[in-house]
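As structure tokens, here come the structures.
Next, two complexes with subunit A in common: one pairs it with subunit B, the other with subunit C.
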Partner chain A sequence: MKTKKVMATVLSAVTALSMAGGMATTVKADDVTEITFPTSWVGVSVNTEWFQDRLEAFNEEYGDSIKVNVEEIAGDQNYVDKLKVLYSSNSLPDTFSTGGYNLIDSMKDQLVDLTDYVDDDWKKLATDACWDVNSRDGKIYGIPYTRQVIGYFYNKDLFAQAGIEKPAKTWDEFFEQCDKLLDAGITPLSMDTADSGWVTSLMLGAMIGESDEGEQFMNTMLPTDYNTKEFIDAATRIQTMFQKYTTPDAVGGKYENAASNFFMGQTAIIANGPWMISDFYDTSMVEDGFADKVGTAMYPGDVMYNSGKIGFNVASKDEKTLDATLTFVKFLTNEESQLKMLEITGDIPAMEGLTSDNVKPLVNEVIANGDKAAHSINDFQSLWYANVVDEISIQYPLLAQGEITPEEFAQALTDAAQKN
Partner chain B sequence: MKVKKWKLASFLLPCLLLFALIYLAPMCMVFGSSFFEWKAGGVFKFIGLDNYINAFRNDARMLTALKNTGIWVVLQSVVHVMLGTVIAFMLSKRKKGWKVLRTIYMIPNVVSAAALAVIFLNVFNAQYGIINSFVKTVTGKPFMKNWFFDQNSAFITVTWSWLLYTGMIIILVLAGVLSIPEDVVEAAKIDGATDMQINMKIRLPLIRTIIGTCEILAATSMLREFELIYLTTNGGPGDTTLNLPLYLYKTSMTDNNYGYANMMGVILIIAGVIVVSAINRLFKMNEADY
Partner chain C sequence: MGGKSFKDILWKIFRFVFLGFMALISVGPLVWIVMSSFKSNKEILSSAFALPTSLSFNGYKAALDLAPIFKFYGNSVVISFTSTLLNILIVSMAAYVLARYTFKGSTFITLLLSASLLVPTSALLMPIYKIMMGIGMFDTRSGLVLVYAALGLPTSLFVFKSYFQGIPKELEEAAYIDGAGFYRTFFVIVFPLAKSGLATGAILQFLTSWNEFMFGLVLTKSTEVRTLPLALNYFTSQFSFNYTAMFAALTMVILPSIVIYVLLQEQVTTSMVAGSVKG
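Here is the complex of A and B:
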């Protein structure tokens, strides 16, 4: 009986102590400032190698005074969702980078206005377009480090088999080429619908951006009306693509399915950015020499995604951690880090004129296409409301199967946008 | 032995505090904030019952989510539990291999939802899925049904991913059937009862409370179901497979409309209380038979 009493008392005390332990704060040395940085640059992310290199270099230089607490969260969507949870409890980390997802508009009340901290020297590390995407009402809420330059890739061997000499200049010609590929027994397009339907939505945006009005729409922040002629025409063509020119697993498929079909030579065309280029050389994904078969192209109408990209957002709550956070962000966005990113991932630096001899030739081709583009547009993930991006993925299957019309598709996105 | 009240209180206090902090306080916050317009960007305004009125008057997606949730609760309570009970009764005969079968039925219950979702996405894949390949082999014709993403088949395909996997029900019912005193069954046999009569009139009534427990588990699992839908169809195509927990998540995480999401949380809690109370009454859970 006595033993039982002692055990019960101990258990009760342990429970109480563990509760108290949870509430306790971490004691840290005064001379080291700790900052928090959750990241999705882990595992198979294309940025993992770059981030590990930069973190190591940062720790070497600033490890005595700044400790970066890195929380690893695999998957971009999981990462964004985690940040939203932290936002709702007013506990955003000191800094975060969403890789293009626009959280500035929904979180700017908790983000630090960085305008006063960004001096002229820092501003030179990115183009005006990059700063514009990261600013609201003249206030800077994000520090850019890359640009979006996105066209499409095509398989030169499959094009040759179908008798196609060069990429199409108009969308009519593009669809004629798709027919030629079909006639040659080749599935023309890699497409997807899951997550944000990234590959498909890039095509959608490029079609919208073909005209001046469409280009303006594709550079409008947070549009709330998708019932425009350009959008509906583009959705009509996407419906045709789904029904005629893509693989059976496109509806419901993820980016990985679309990419895999292109890697295996089962499709001839995929829309994506230059960060994909390193995969063309990765023999665990593709056959040896695959990169030599890949060509780069502008979208018909000389359209390219050519814009700034959301960078590092800062949400430090006191001056000391803010100083440390800005030192960390400045390090990750400096010229050396941008150059490393170009060399390791193929992502285009935010700074104009920053090039390297150590990049894959296809990367330079994409950059050159970006410089030649007649219409430069921004990508939907940066521009559109998050719930619109989510709505796309559940409406695409209905559009693909003809269950809804392009007009109803546009209305569904409009309804979603107007919830905000 | 008389225990002093202060001793009792001191032992209960840590647990009560944990319960209050982790369940009670958040639940009160959910209930309270459901009467507010609370959105990202610092919007926080008392609007009374507007969230509730909008949900039932103006939000077609909310009604679809409620309808789907209701259908799944009913299907799970009736078909899932009935199927599990029948299999448990068959296994209770202890024919050769019954333990192996029991273990096999449990496998889907021990696999994580994420892994199950990937398995089902592959099984039902339009291009290389085993189902389409089977149909193609049998008919000799190409078959490309996109089970999860065709509006006509999405609901039943998602339902398939849990309806038939009754491992937990089998384990509970089987334990109940095997614990029925043998002399009761023997007496029925001496009176000339057939196997079917013994099952329907002796065994089934005697495990009434266990079936009731299974009903509660099955019904409430559908009020909580999230991962499998999120990881397969994400509620689509359109809102064909949207249920209330997923709609709550999307309203909170993508619409950033926390007040409206918490209103759905309150509705889910109320639905849970109603379902559990109804099953408790229906199965007379407080009355023991033996």
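Here is the complex of A and C:
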């Protein structure tokens, strides 16, 4: 009898808990519209401070009529993984921003076509290039808020030790400089392979974008054929970089390994965007005065990543929620928010000519390099199919270890792209 | 005589070296994590294996500032303990019946329940997400408790069933002769006898629940119900990281698992040894 009672109590408790869970959905007053926004801008993310600031400002202005239910999803890959699950069950949140990762093409059947909602005033808040990246077949599926302006950073002290006066103008000169650095006992490059090998792939894209054909390839949305001369030549050079000019932890390494090596002065060059600049001043990461040693450069051939970036996507399912969502997105992408983004994170605004005196000097150098570039290219994460981006991490280690040829590398990406 | 003692000494040295090596590779990573939690990012990056220059608790402070660790911690404790209790209670009953009674379909049921061990987690993700949404248990602790208890079902069933099979039937028969019913025999006679086996299953179930990440991410959306493994991602993102805070958080996360294991290790060892001589 006693045991029956125990069992009944336990089962009742579980049932009660379940029912409590079921009743957990919030009931709100009719005049407040609730919207959902999952974000990876939490913890150490470079955008955390900016988002907290903007959310607070939004709540002050619209808190009476719109409630933003923020879901914290720490980790960029976790964020994308969860969105994929939500997409599969047709329950995407009202709005989301992947920070550049292209989910438009794989999810656009559930995204709201925003073309009719974006008026001329709103359009002025971003360059045409930014709108282009967020559009498909003339329809707008994303609202941009930043631009992608990426060159590379180099350590001026290490360059001086190797007798290098200024960054290379051609790739041949770049590799000569790598040899000089090696001769001086300095590892030239920070590289990685995990998480789509961001740092390595920036170098790969920059090499492809050196020629007009390559530039065109690097601005092609969703390429399906990587068996081009430019791509294979670039992959060949990447293989050389892996085998000769980088650190042992590059194979299998993540961005943080590549960044750490640069921070510690163990490598002389790293490809990355201006959001990294604030770390050059962070004395818990680098030695005092490290930022003064860092120079910015265009890639050889005057190539720069200078393009739009995927912004906020909207997937609201009814008009009322859509209105509230658009108000929220408009607030986060307005001039003030973009300016705050520049000042807090160093990320370049989507709006042309938006500058601030309150930024680190290196940020302005990167912007100036972008303006001077002879070849402007877009980054692989924005343009390539998501499964191709994932495939890179699998293929880079094989390429690095010489287990596949550059031609096989190109074919592997082609095969992945053609599965779509 | 002298030769023998030399051999003994050599054997002793070998044993010490071997055990020392095993201890080093087992404890080394844990010590390294704890040690790193007291170093600055710069120290970790420049000399990963060096001792900290000072005993700084900044990493712990940063970890607590960056992520709602205590909230996640509380959730993990509640969810892991509850799912473990639920798993033991339900699965032990199933395992007992399957171990003791042969009836039509008993082999099929055993196979069916054990086969769920072979279903990959990623394949379960979507159906479970839809079920949880459908029954209103999405974003609740009780939802996670149920899912975790079910995830550990095949492992626990396997452990419990083998253990119950090793308990002499005569004990139960004696209980029945003395007038005990089925439930009383199970809970008063068999349950205490299977303590070691149950402890093994409990540890495995607790660790599964404590470390589980993907369901914790997909089946919840508010920080009010989320668990510790999700907190670890607050310290690295695509373009930034805080190693000190991450190691401090890791120290806080792994400590309970170690404590639980240390407290229950005797039971586990007994269970393993007992299981090894059963037919």
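General observations
Methods note: the second predicted complex is superposed on the first by the 398 of 420 C-alpha atoms of A that agree within 3 Å, B and C clash if a C-alpha of one lies under 4 Å from a C-alpha of the other, contacts with A are read in each partner's own complex, and residues count from 1 in each chain.
Note that a residue touches a chain if its C-beta (ideal position, glycine included) is under 8 Å from a C-beta of that chain, and two chains touch if they have at least 3 such contacts.
Note that the coordinates shown come from a computational prediction; the quantities given were computed from them, not determined experimentally.
By the document's definition of touching, of the two partners only subunit B reaches A:E403; subunit C does not.
Legend: residue contacts after superposition of the two complexes on their common chain; A:S88 is shown touching both subunit B and subunit C.
By the touch criterion defined above, A:W275 reaches subunit C but does not reach subunit B. By the touch criterion stated above, A:S393 is placed in contact with subunit B alone, subunit C being left untouched. By the touch criterion defined above, A:V44 lies against subunit C but remains apart from subunit B after alignment on the C-alpha atoms of chain A. In the superposition on chain A, A:M285 makes contact with subunit C only, not with subunit B.
Number of subunit A residues touched is higher for C, counting subunit B against subunit C. Of the two partner chains placed by the overlay, only subunit B lies in contact with A:S106; subunit C stays clear of it. When the two complexes are overlaid on their common chain A, residue A:G75 makes contact with subunit C while staying clear of subunit B.
On subunit A, the surface patch touched by subunit B in one complex and by subunit C in the other comprises residues 81, 85, 88.
The touching residues of subunit A, when paired with subunit B in their complex, are 8, 12, 15-16, 19, 81, 84-85, 87-88, 105-109, 193-194, 247-249, 251-252, 386-387, 389-390, 393-395, 397-398, 401, 403-404, 412, 419-420.
In the complex of the two chains, the subunit A residues touching subunit C come out as 3-4, 6-7, 10, 14, 17-18, 20-25, 36, 38, 40, 42-46, 69, 71-76, 78, 81-82, 85, 88-89, 91, 99, 195, 198, 255-256, 259-260, 263-264, 272-273, 275-276, 279, 283-287. Taken in their complex, subunit C has these residues touching subunit A: 40-42, 45-46, 66-67, 85-86, 89, 125-126, 129-130, 133, 135-143, 145-146, 183-184, 186-187, 214, 217-218, 221-223, 230-231, 233-242, 244-245.
Residues of subunit B touching subunit A in their complex: 10-11, 13-15, 17-18, 40-42, 121, 125-128, 144, 146, 148-151, 233-239, 250, 252-258.
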